[in-house]
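Shared between the two complexes below is subunit A, which has subunit B as its partner in the first and subunit C in the second.
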Partner chain A sequence: MPDIQAHVNDFVLKLKRRKIEGSQATARQTAELLRAVVSHQRLPYTNQALALLDAVRDVGEQLIAANPVELAVGNIVRRVLHIIREEDLTSVASAVDGLGLSTNSDDDDNFEHDDHPILSAAAVAATARSTLRAPSLQTLLEGLPESASAPRPSSSGGDSEGKSKSAERKKLKHDVIEAINELIQDIETCHEQISEQAVGLIHQNEVILTLGRSKTVKEFLFAANEKKRSFRVFIAEGAPRYQGHVLAKELVAKGLQTTVITDSAVFAMISRVNMVIVGAHAIMANGGVIAPVGINMVALAAQRHAVPFVVVAGTHKLCPLYPHNPEVLLNDLQCPSDLLDFGEFSDCMDFSTSGGSPLLHVVNPAFDFIPSKLVSLFVTDTGGHSPSYMYRLIADYYSTDDFVVERRIKS
Partner chain B sequence: MIPPFRHSSVGRLPSHARIAVPGYMSPRRREGLQMPIGSYNSSENFLGMSPMLSPSSSQLNGSDLSEVAPSARLARSGSGKVASSFPGSTGEMMMVMAVKSGGNASAGISLRNASVVKTLPRVTEKDEETRTLSKNEGAKSGGKKKQTTTRAERRALQEAQRAAKEAGMENGKGNKPKASAGGGAPSISNKEKGVKPPQKVENLDTGTTSEKRIVRNTEKDRKKDIPQPQMQFDDKNRVEKAKKRAVVNKLEAKNRVELFRHLPQYEHGSQLPYLQEIFFHLDHIHPSVYKVGLQSLSWTISGGNARCKEMLLAFREAIVDYSTPPEKAFARDLTSKIGSYVSFLIECRPLSVSMGNAIRFLKNRIAKLQHDMPESEAKAQLISDIDHFIDEKIVIAGKVIVQHAVTKIKDGDVLLIYGYSSVVEMILLHAYEQGKQFRVVVVDSRPMLEGKILLRTLVTKGIRCTYTHINAISYIMHEVRCVFLGASSVLSNGTVYSRIGTASIAMVAHAFRVPVLICCETYKFHERVQLDSICSNELGDPDVIAKVSGKEDFNHLADWADHKNLQLLNLLYDATPSDYVSMIVTEHGMVPPTSVPVIVREYGKYQFLF
Partner chain C sequence: MTMIIKQSKPSVLTHQTRLGDDEIFMAIDPETKELLYYEDKVDLSQRLILLDKMLLVENGAISLHNDKQDCYVDICSLGVLDLFVDNFDYQHLRRHFVKGLLVDDIMGCKIFTHEIQSSYAARVDNFRSYDTISKDIVQRWTYPFVPDVRYLGNGLQIKLDREGIYKAPDVVQSRSAHIDAFTVLGNATTVGDNTKISNSVIGQGCIIGHNVVIEGSYVWDNVTIEDGCKLSHALICDGVHLREGVILEPGVIISFKVEVGQNIVVPTYSKVSLLPQPSKQDSDEELEYADTNTGAIESTSMATVMNTSKLDFTLGTLDAKISGKPELQGSGPGYIWSSSEGGTEEECRQSIAPIPAGKLLELLQSKIYDNNAPDQDMINTPASGELLPDSESTFGDGDDDREYVDFEKEVEATFQRGLTGVEKENVILEINSLRLSCNMEQADCAGALFHSIMKQALVAPYSCKNELYANAIKEIIKWGDLLKHYLTTADEEFEVILKFEDICLGTTRDFSPLFSNILTFLYDKEILSEKAILSWAQEKEGADESDKIFTKQAEQFIKWLREAPEEDEEDDADD
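Our next item is the complex of A and B:
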């Protein structure tokens, strides 16, 4: 599929050049691209899921390598892989269901459909026990035999098997694409779902602190404002991008009392704050948060003053990986000219220093890592969770087989 | 600390507390109190009645009265009932009643405002006089409790005179209008005060004022121990008085942050040109003092040591040029002159703690001069005192601190410093001269970006530096071995009062288990205590927050003043809790934060004796 490869290359370039701003946009575009990949994929007669998985994993690997710091890409790739696996399992279950019918008809009568519910339920239960549940030892040992093992008992019903298989093939792709559409829908509407919970967390005359600008936080505060909660907001400007200014403008336009403070004033002001609400770049499996730089300082100050620290994020930001040395490995160092203009210090610097290492090194990291013990609450589109629960959500959205997105060496 | 206008607001505080008590009155009064105080009108107020009067005065000045009036009348009738329902009582009950009907009376008075306004010209000199009368009576009765009547009489006389001066003020009759039926000049009230036996109702009304007076007297006794409270800028009366005395014309800032109403917030753009205009008219300000004021205002000099030194040198010049006017005593006149210089400097920019301590030292030295000393000798003595102070407390102390701190720097160290501190700069340069191999991380923050100054010095010297902004300290802190910070002052509960952002640095260092060393001379220590950064601080120009240097087209907040919901807050200082500080390096050695009150007590006394 040359045209799809062109699309993939385009997207990879965009990721490499950091042209896409924000996890939500990245997630959505990744999902759309993978949907295109799935729909263009020509599936073989058997083991279709495997083919799909391979194709997606192939593309996913390229995408993740293009921007490893943008964890949303990897999240969506793994989500799609999980979707494929799940759809495969459910279609297998329904195939078994149909085959169960045929076995039933073999035993009794071909045209008696009354017993279908009962027997099919039993058959489904049986298959569920063996396939749809978390991988049993047998399935683990045998690799990917779900789609192979289930139809075994149905070998007798040859005709119906063939029919169901072809139906199944079309169905798998169709189901996967539908599920990916649902995923895209979820990504786009995550803000509404999160904002619905705002009223339950913000009371009257509250004082809220935030840093920088997060769209999720903005929608969250708007929703509370809409429900006529009166509160005031302190916004730390969020060097070096100063997006706090933009957020201040937006909040004031809605009539909220806003005060813009410098980042250095966070510790001074937090004693008068009731709640800190921030957005996140990514949520790691242990409940740690990758957030815009400066938020760790806010989290520590909030802990000192016993102020609840709330992180709002959509589930597409939930990453199944555990962070190791995240300040360095999951960080992006950006252009130093944000802090010091090029040439600003050239008059006083002696460039002939020995050793070759620079005399003046300007550090401009983009992200901060916040350990899970500093976070009081995660507000996601599936509801509010404590940090210790986040690992459990991973099981809902990801399969353990997909945590490492690397092409399997074909043995 | 510069003694502020030690005024009745000290005594006013108890009345604040008392007003809240009366139950059914409070909602009404509370709503009155919450009337937005729009601008600072010259509203008259009495000692006892000011808190309630101020909202009323704002009512007078144009807000909606109609809704207040009917409720006012209802309340008034209610108040009358209450007053009458408590006939006799013990002393304690009287206090309670005092509270209650103090409240009632005041409510009645505030209500009266409405009625007064509605029927304008009835000037109510009668009312005014009755009020003073009732106050006097209360004063007298209060006086009987704890102090001599004579002082109360004198006070009452003063108050009466003050009351007479204010025109068109709202006041109310006491709960016993009959008592006031005499009418007439305030002078009568004095007599009547002596005549009338204290009635419980009057007691209630003015018990508050007398108690305030009592509180004030004992406050006087204890004033040596408790540091003076600073100028309360949320108190309209005092601000008014300050304005009248002011040299520099100041416009209030727009969009003030509510939390900081007690601190001065002024338009910054207008002051400098105004000062330049009036330069040749400022006869009573010595030119060198004027220069220091101008430098402070324009932030040409900043930092505790620099400002203090410049100020003392300016005072030195002023003393050299000083000659006693005829008929005046040297010490007293010089003290008042210094006082006027200090007021001028305060108007340019609020004093730092170091400057405050230096001024206290100088005034102390002037007071300790022998009366019969000839003028030239006295001047020479003072000049040498000032020189001695600068030398010993600032210059040599700095050198000793450097000696101590340099022992804490070892080869291979990575040191983190924040902003610009003169002492820390000296430490680093000295360590580099000693040949130690170390790296420096310079952390900077908006809006002052003072770290760039230090960075330039270090890079010119050839010290290896890393430069970053305050948000990135969590990223860089794992590389750092030790943090060196300067301070504007260290307070008696161990809190370090320093440039804004210091507390965040200390907090993150503490979280990463990095030791924090504060380098501070002892003359900057102060006996006051502070818990957070809000009660006492300095507010800078909010416009610099809206402008981002290096991003000229980034002007989302350029029109911030037009939105009444939007405020910009430019805090200059913050208070670092003592548990984040590992050690304070002073010229007396390296001490833990808990030793600060000991140093203040031991060496504070000592430094005035030489």
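Our next item is the complex of A and C:
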């Protein structure tokens, strides 16, 4: 689709030039773009799901390659792929149920001269359904008779078939788009859902420590404040961007008692703190966290002084990859002019007089990796979880086939 | 129009910016940020800028900067285009257009500046800036325009790997290869065993052999570098093939598709290309080259280098139109472009290679010397204080010696003219006028004239000091009157003696053994009086040993003078 390709190119360019800031914004825009891709995609008669999957995978690969540091893009792509698979299975399941169990037949003959997607997916549907639902005796027993009783498409009338087919085709797209809408909704409201749990976590007269400025943390603290919990906040400023200063202003505007400290003072002040609450850039499959730089230090300080370390993040930040995966770039070295003024130090970087080899290097990493053992609790929009549970959430949101988003080589 | 500028301190030693240009002096109004004065070709030996005092009248305050880098990014209003339509002979944007606008009162156009702090902007216009800006990009000052972000949307994804090395996919690197941080390796490049690469950018598809050392170099695509090569601070373009053992000295530039044979050492700052150097010289010099078929003077160094490589090679025949020489370097042809205008001075300022340590030391020492020399007050600045944009100030020099040297040269030139048959009176007139214009004393004239005479003595060929003595005598006899004209007081004669000492010590050592003889002769000829000679000897009594060399030599004569003055006086008195 030429027009959709133009949109994709625009978005890819924005991602490449790092024009979009923040995981939430990126995730939402990715989801909207993929929704547009799905709705524009013309589906063939058969193997609709495959066609959709290919289309989304195609676009997804471009998006991920544009900004490999922003893991939220990959997360959303994989979520959409998972949605497609899911919807496909549920529509198959409902079709199977709808048509009823008519006859047992010789599987081979019937299977061969039909091009109905339902039949080929039936076997898949049966096995897949058992993974969608929690495995229980019921589903296990259900699995067997289902596959045996394959409906015969030729027995049904042609018109009703055609109608059902087109209905299914439209239904699949429709369902997928609905599900993506839900996803977008989730992304946009993740802050509210997380904030609802604030009251349970923050108690009276507590001292909270945070670093930098996370929108999720901000909403979290505001929610607790609304419920009339009285607490104080220590904010580590978060060099080199010093976003902690901005957060301090916002908290004071809401009437919260705030103390601003430098990042290097965290170890000195940690003993006065009851709980540490921070945001994250991404959560890996093993429960490790990629967070703004400096938070690893805070986590170590918290562990040293036995202070609970809570990470708040929406589920769009949950990444199905493990940190040892070479595809995952754990860090992003950004512009050194945040640290040092170029003009002041330009004489240290005069290569003509210093022998050609630069003596002054300025490095500005954007992220830190926090191992899962340092994290006490994850607060997501689906509730609070321990780090060892995060891998289970992955199965809910992602399919294993999608972990590697690659264009399938068409033979 | 608004000019974008960025703070970037120039080097104190070399007075050039990071990007190889000369320091730029700007006067900016601190409130409105208007550009009031712009000068990029300051004569640094003068250490003088002239500002129109009307600037201070119009603007409340001016801040002068020499630490700003011109980014050559200008945001123009539509009126700028109209100006260009009217004046289509602006050749240089800054020197002609900007300076013209600044001085021009009629049009009333204003130029403003905008200083960028955390953004980065620069222009590549010579090899030094290519090197500096490449290093800035690799150090991520230009984020997000960095090698591992596909900002322009093309090319393969380069990853910033561990240890700070940028690696494209499909790089094959040997385990024993040692690659330093801040190096970029392009797609499908192979690096051999024990190779060391540091601070360099390697392009796509390169094949780098074993035991190669690459330092601070830029290697473009599809280059083959065989085993044992050493590259430092070189630029190698696409498709080049360097055979085994080639050594490239700092600052070498090898153009597209050149093949360099085995074990060749390419000298510093040379440019090697398959195409001949575009000739900027006039026909006389071309004919010169056409005559010397073998071993032209510039490339003797190259020839000797070639000989040491123990390879057979033949010098190609010289075409009259070509100013470089085609050399077969082992296996491929190529031209070595000689460094043309400016010589090695310009080369090392604007080359990829850093300025060599020896030169830096030299600059440092000359700087210390300059600081020690007394600073003269600017008594000779033009009184009106006009804006002289393009003039080089010849007044108010801080350095007195230089003026004298100039004067001396002028006197010598006049003397030379005198030799060709100009009347002595005219020569005297000329020297007098020179004296007035350069604000010199009579003594200086005498000294300079004496210097010229002595130099003249050297011109005639001589094989031993006797002959030199004879020559000197001849010259002194010839020009004695002229000299006497200026030697009216003992002070001037004193000056001449000192000058003679200088000559013997400095420029022409051949005269030193003849010092006392010539002194005697000068006395006999009554050019120098005994009073002067005696006071000179007196003066030298208290001096160091090294200064006393000539007094020692002339001791005999001085003694005789002391002992026998009465005789002369008596003689004179008698007469």
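One rule holds in what follows: the second predicted complex is superposed on the first by the 332 of 411 C-alpha atoms of A that agree within 3 Å, B and C clash if a C-alpha of one lies under 4 Å from a C-alpha of the other, contacts with A are read in each partner's own complex, and residues count from 1 in each chain.
We adopt the following convention: a residue touches a chain if its C-beta (ideal position, glycine included) is under 8 Å from a C-beta of that chain, and two chains touch if they have at least 3 such contacts.
Just so it is clear, the model here is predicted, and its values are computed rather than measured.
Participant: See if subunit A has more residues touched by subunit B or by subunit C, and give me that chain.
Facilitator: B
Participant: State whether A:204 touches subunit B only (first), subunit C only (second), both chains, or neither.
Facilitator: Neither partner.
Participant: Considering only touches as defined above, state whether A:17 meets subunit B (first), subunit C (second), both or neither.
Facilitator: Touch partner of A:17: subunit C, not subunit B.
Participant: Quick check on the superposed pair: does A:66 touch subunit B, subunit C, both, or neither? Answer first, second, both or neither.
Facilitator: After superposing on A, A:66 lies in contact with subunit C but is clear of subunit B.
Participant: After the superposition on A, what does A:341 contact: first (subunit B), second (subunit C), both or neither?
Facilitator: both
Participant: Using the touch definition from the top, say if A:257 reaches subunit B (first), subunit C (second), both or neither.
Facilitator: First partner only, subunit B.
Participant: Which partner does A:349 contact after superposing on A: first (subunit B), second (subunit C), both, neither?
Facilitator: In the superposed model, A:349 contacts both subunit B and subunit C.
Participant: With both complexes superposed on chain A, which partner does A:248 reach: first (subunit B), second (subunit C), both or neither?
Facilitator: Touch partner of A:248: subunit B, not subunit C.
Participant: Jot down the residues of subunit A that show up as touching in both complexes, subunit B in one and subunit C in the other.
Facilitator: 338, 341, 349-350, 353, 357, 361-362, 364
Participant: Once bound in the complex, which stretches of subunit A touch subunit C?
Facilitator: 12-13, 16-18, 65-66, 68, 329, 333-338, 341-344, 346-347, 349-358, 361-362, 364
Participant: State the interface residues of subunit B toward subunit A in the complex, per the touch definition above.
Facilitator: Against subunit A, the touching part of subunit B is residues 257, 259, 444-447, 452, 455-456, 459-460, 462, 464-476, 478, 500-501, 503-504, 507-508, 511, 532-534, 537, 545-546, 548, 550-551, 554, 556-557, 560, 563, 565-571, 574-575.
Participant: Under the definition above, what is the set of subunit C residues touching subunit A in their complex?
Facilitator: It comes out as residues 6-9, 11-14, 16, 18, 20, 67, 69, 117-120, 128, 131-132, 135-136, 139-144, 149-151, 153, 157, 159-160, 181-182, 198-199, 215-216, 233, 250, 349, 353-355, 357, 360.
Participant: Note which residues of subunit A are touching subunit B in the complex, please.
Facilitator: 237-240, 242, 245-246, 248-249, 252, 255-269, 271-272, 293-294, 296-297, 300-301, 304, 327, 331, 338-341, 345, 348-350, 353, 357, 359-365, 368-369
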